[in-house]
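Each of the two complexes below includes chain A, the first together with chain B, the second together with chain C.
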Partner chain A sequence: MRTLLALALLPLPAMAGTPEVVNDHILPATDRFATAAHALADAAGADCSASALDAPYRQAFDAWMGLSHLAFGPLEQDGRALTVAFWPDPRGLVARSVRGLVADQDPVVDDPAGFAEVSIAGRGLMALEQLMADEVGDYECRYARAIATDLATIADAVQADWQDHAQLMLDAGQDGNDRYLSAREADQAIYTALLSGIEFDADQRLGRPMGSFDKPRPKLAEAWRSDRPLRNIELSLAALRDMAVALSDDPIPLTEAAFDNAQAQVAELQDDPRLEGVTDPTQRLKIEILQQRIRAIGTAIEGEIGGGLGLTAGFNSKDGD
Partner chain B sequence: MKTTLAISALALATASPALAGKPEVVANYIAIAHAGYEDSLIAARDLQAAVDALIETPSAEALQDARAAWLAARVPYQQTEALRFGNAIVDDWEGKVNAWPLDEGLIDYVDPSYGGASDANEYAALNVVAAPTFTLSGEDIDATEITPDLLSGQLHEADAIEANVATGYHAIEFLLWGQDLNGTDHGAGDRPWTDYAAGDDCAGGNCDRRGDYLKAATDLLVSDLEWMTAQWAEGGEAATGLTADPDAAISAMLTGMGSLSYGELAGERMKLGVMLNDPEEEHDCFSDNTHNSHYYDGLGIRNVYLGEYTRIDGTVVSGESLSSLVAEADASVDQSLRAGLDDSVAKLGRIKTVAEGGTSYDQMLARGNDAGEGLIMAAVDALVAQTQDIERAVTLLGAQDVAIEGSDSLDSPDAVFQ
Partner chain C sequence: MRRRSFLTALMAGAVAPRLGWADAGSPAILGAAREGDGGYALFGLSDRGADLFRIPLPGRGHAAAAHPTAPEAVAFARSPGNFAIVLNCVTGQVLARLHAPQGRHFYGHGTFIADGEILCTSENAYDSGEGRIGLWSRREGWRRIAEIPTHGIGPHEIRRMPGDILVAANGGYRNHPDQPGVKLDVDLMRPNLSYVATDGALLDQIELDPELRRNSIRHIAFGQDGVVAFGMQWQGDPAEGMPLLGLHRRGQGAVLAELPIHEAMAMQGYVGSVAFDAEGRHVAISSPRGGRVQVFDGSGAHRQTIRREDVCGLAPAAGGFFVSDGLGGLVRAGQGVEALAKWPGRAWDHHLVSVEQGNRGAAL
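The block that comes next holds the complex of A and B.
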């Protein structure tokens, strides 16, 4: 009797909101991306000029930022995340691949199955951005269509596969589920994606253009040709915040305050969408502050969500040199 | 009486594996690490002797001997890569000896198809072998004498660009093989031995300076490996630090296994190359030795888990293993992880077999080569699968902060994807 009582009085560990993350965050994001990718493909089918593609390209990229942080499962499979947006690209492979196909007038753009075999540097949103920045002729038009169609195909596959993967996460620990042997493993996958996403925003999306003080590298910013470096960070933070709130069943005031701080700093930088200010000492300081504030979100998440749920980050697909 | 006997028998049966504690496992890990770096050093000294012979008496045979010594030197070194991500002392040092990929035009002449200086790297075609003096990031450099200090102090990662690799195995590889101009067709680099010939026989120009560069880079590799071997010897910094904190050491072991399996080998070195169809994404691209470099990486990961390493002279270093610790906590996770490691080594072994049979790794990367892609992706899938069991081992052993510490991507943003 005494034992039972003691057990009953033990505080229950906080529950993780994996079902909420899956149903309210992930699945709607895959739907939005599929819709936007199809709109882009339809637009390219009707008129493949850069001016006609501009708006649907932006909307597709916006939608992509709603799920780009989900580095495990369906987006990891077949390298889909990197195929949708091949970045970072320090060796300039996107420009080289796009110009290579154009120079060769490679007929692979007229064959969807063949195009799916092309180097990922020549596919996806980054290749389309490069193509739209260059001169447009008949070949470029067909190429743009091929990219848009390919993106819609990938988006459909991601949407369908996430339906299955969602079930795996919700059925974690049940017999026959080899992927998630316990609910904790599903929680950990989401938690790892959350922390990795924060790290990616700070170290890559900001760190790459920042370079060093003596050698800033604004041209290494993500999608700078379409003025997206700051916007991608803004949208990524919004998506990560949404996921963090869904993951924790308890209130997360410290984490939310850290997001508030970083998002306020994003607002301070709205006049520099390309983050070209990395070359200017005063403006650079504002960007460094943003980087610090994004890193502070990671610290808050580790303490409040990781500590609360008893989770530590797993291995990160972006580990390595 | 019978009961007592049964109990003591049971006690014996359970007690003996239970004796393997974390300190013993860590001690064995340190012994394996020391043996691995010492083997790498021994093999690098053999390479040094072969390079000296090539420079002293250039010939086709001498170049061939030096290439063979380089290939042999990769066998123990690649097995040590499983130590890297868990140990900051290794990770901070690693860029000096195994940085990759490189803009090789920094070092020596290249084919016109290579292009010249690029937006990303204005020194991509500097060609130090041909340039006794030049300007680097606004500083006048006197390279009339090519010394280890010039390479490590001024050229390596010049202009803060990681592709400016001036030292280590891959710089030496380029000087021994030259560029692989076969794309995704068969064939490695084909540098003529006359690139090291004296006087009028000198083919590529500046043969003396090329020899000086090769000598300096090889001497530097030897001294770097001497340093790292000492860190793992008794009283060395790596050995002392891990011995003092067995829990952190267990975490370092698992971090090294998981980060090499997943982000580095499966991701960056293998999957990315397939998805880019790019032969420059080959780890040992000049020599077409990539199948071996991947295979010995995989073997090194398994070595750490099984607590066993076969030295280049055939002796075996073995002792208490991570496997025994995990088995004590959960036999099914241990069984699954051991099966996973065997599977990845076998799948990497298939790539090695096919490459040795005449289909080189760069051919497997060609667009539309489904069989080659299948071989590589099978190994990638095995590496990713074993990472899940490594994570389970982390949870079982209560190791903390795995994958957060020791990842180059955290403190050096430019490092990722270089």
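The block that comes next holds the complex of A and C.
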């Protein structure tokens, strides 16, 4: 009895808010994306002109940013995350795939089951953006409808599969759960996704267009044709903040302050939605400051959330050889 | 009980039999790990994932080499390594501490030749960057007796093929102990896979096509009929999704195994371990950065993706693979995934090492 009491008094790591993350963050995000993807499909069915698709496209991409950071579970099956948004794309596979289908007038766009087998670079939001950049004729219209319908199908599957995966995460460590052998594994999956999401915003969404000082690459920014490079970072930070708050049972003032700092810098850049300022020394400095502030969020998360929960970034994934 | 009194007698010096792996509990695999208290140890594990022995290590381990018959293991530090220690896996006793000679450092892997009488260690002659294999005599108290070239820059894993042919994965870039963790001369990379005789003669060597020269060849496994699998690490943009596994037979060209583009990108350009299953039919590569193991058949066709957070260690199992991760999990993956053990707090390091099947014998 005395031993038990002594054990109970040992400082234990705080409990991770995995149930809160699943129920309050992930599942609602999958609902919103499914709704928005269906709205896009309905709109494309009615009128596939670029102007008619503009608003529903933006809303679908906005909704996608609410879950694009969930790189584990249903989104990693069959490459769903990259199918929804194929980026980064250093080899230019989206343009190549879209132009290939258009050049061939490939009838696969009229067959939903067949379209689901098309290269993932030729599907999803990035392919639709590429397609809408050129003149929309009859073939492009059918292709746009195929993409939108396919997105709605994927969104439905993600929504349904997340219901099951949520249960796996909540039952982590139970007998028969071969996906999460311990509660810690479920916590770690969320924690890794959180840190990876921050890293992705800093290194990819900002780092790719920044390139180097001598060679900035604004056309490598994510969805620049749709004026989304800054907006995607803004929405990603909001989603990651929501997940961070849900994951920690304790207040996370340092992490929240770091988010505040980065989000304030996003506000400073609102006149440059495409981040084209990477080519201008003065404007570039503001973008570099944003990158530093996003990285500072990662540091705050590691100290405050990781430290509090006894989680660390990957033992092997952060090591080499 | 019997085992305990036997050990007591052994440690008291009352008997001095020739020990075998059975005396260490007949481990199927060895793995190094960080423990919950921040210390490090080498573990022997049964094919059901049970701990059979635990020997403390002075620092973070990378890989180990298991002696073919005696219950002895050499634990290597991470590259650039400052320790390699020879352990008696029955008593836990340190039999020897190996120090790389002046101008050399260990690269974290090693293997035995000459029926276990000679230990081979992968090394860097860091002033020139040329790869070396250090040869150490077990019989002579682990004295360094010679060194031979790996015929390339930056060797990582070396393994022994039947007939004491050493296969060296020459990664292609240089390292220097003054700049730990920094890859030097990446722009000049020319990685290769070399087959080296014990006298240092080059028997065979393959290089990749020029557009793949930034693919560092780092890890090796052997399958059926002389096939050598090699795992690579792409030193370019990870989003390019370059091939990370090659299959080679001497006298032929290498075949590169392709993944679906989303799985290729998810691997983050990084393979941490490679292993064949015990039958030599399927081959697996792991990426801790991608949290994935990819399984291919003997022709290099992709068969299966296994998702494990921070996964890295791979070793052959009957009909599949032992798979370990940085969260303390050990699973057996074949048709499905079977959890063998979970040790929250224990973090398995990069590699699992097989204790040769024929030498395990029955458990005590």
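Note that the second predicted complex is superposed on the first by the 309 of 321 C-alpha atoms of A that agree within 3 Å, B and C clash if a C-alpha of one lies under 4 Å from a C-alpha of the other, contacts with A are read in each partner's own complex, and residues count from 1 in each chain.
Going forward, a contact is a pair of C-beta atoms (placed from the backbone, for glycine too) under 8 Å apart; a residue touches a chain by one contact, two chains touch by 3 or more.
Bear in mind the structure is a predicted one, so any value in this text is a computation, not a measurement.
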Partner chain(s) touched by A:L93 [first = chain B, second = chain C, both, neither]: both
Touching partner for A:S317 - first (chain B), second (chain C), both, neither: both
Touched partner set for A:G211, first chain B, second chain C, both or neither: first
Contacts of A:D272 with chain B and chain C, given as first, second, both or neither: neither
Partner chain in contact with A:G79 - chain B first, chain C second, else both or neither: both
Touching partner for A:E117 - first (chain B), second (chain C), both, neither: first
Contacts of A:D62 with chain B and chain C, given as first, second, both or neither: neither
Superposition-derived comparison: chain B or chain C, residues of chain A touched: B
Doubly contacted residues of chain A, that is, touched by chain B and again by chain C: 76, 79, 82-83, 88-91, 93, 119-121, 179, 181, 184-185, 188, 204, 314-317, 319-321
Interface residues, chain A side, partner chain C - complex: 72, 76, 78-79, 81-83, 88-91, 93, 119-121, 173, 178-179, 181-182, 184-185, 188-189, 192, 204, 314-317, 319-321
In the complex, chain A residues that touch chain B: 76, 79, 82-83, 88-93, 114, 117-121, 179, 181, 184-185, 188, 199, 203-204, 207-208, 210-212, 214-215, 219-220, 312-321
Contacting residues of chain C [partner chain A, same complex]: 34, 62, 78-79, 108, 156, 181, 218, 237, 239-240, 260-263, 265-266, 272, 288-289, 291, 307, 309-312, 325-329, 331, 336-339, 342, 344, 347-350
Chain B residues touching chain A - in the complex, by the definition given at the top: 85, 94-95, 101, 118-120, 159-160, 162-163, 258-265, 267-268, 271-272, 274-278, 367-368, 384, 387-388, 390-392, 394-395, 400-404, 407-410, 413-418
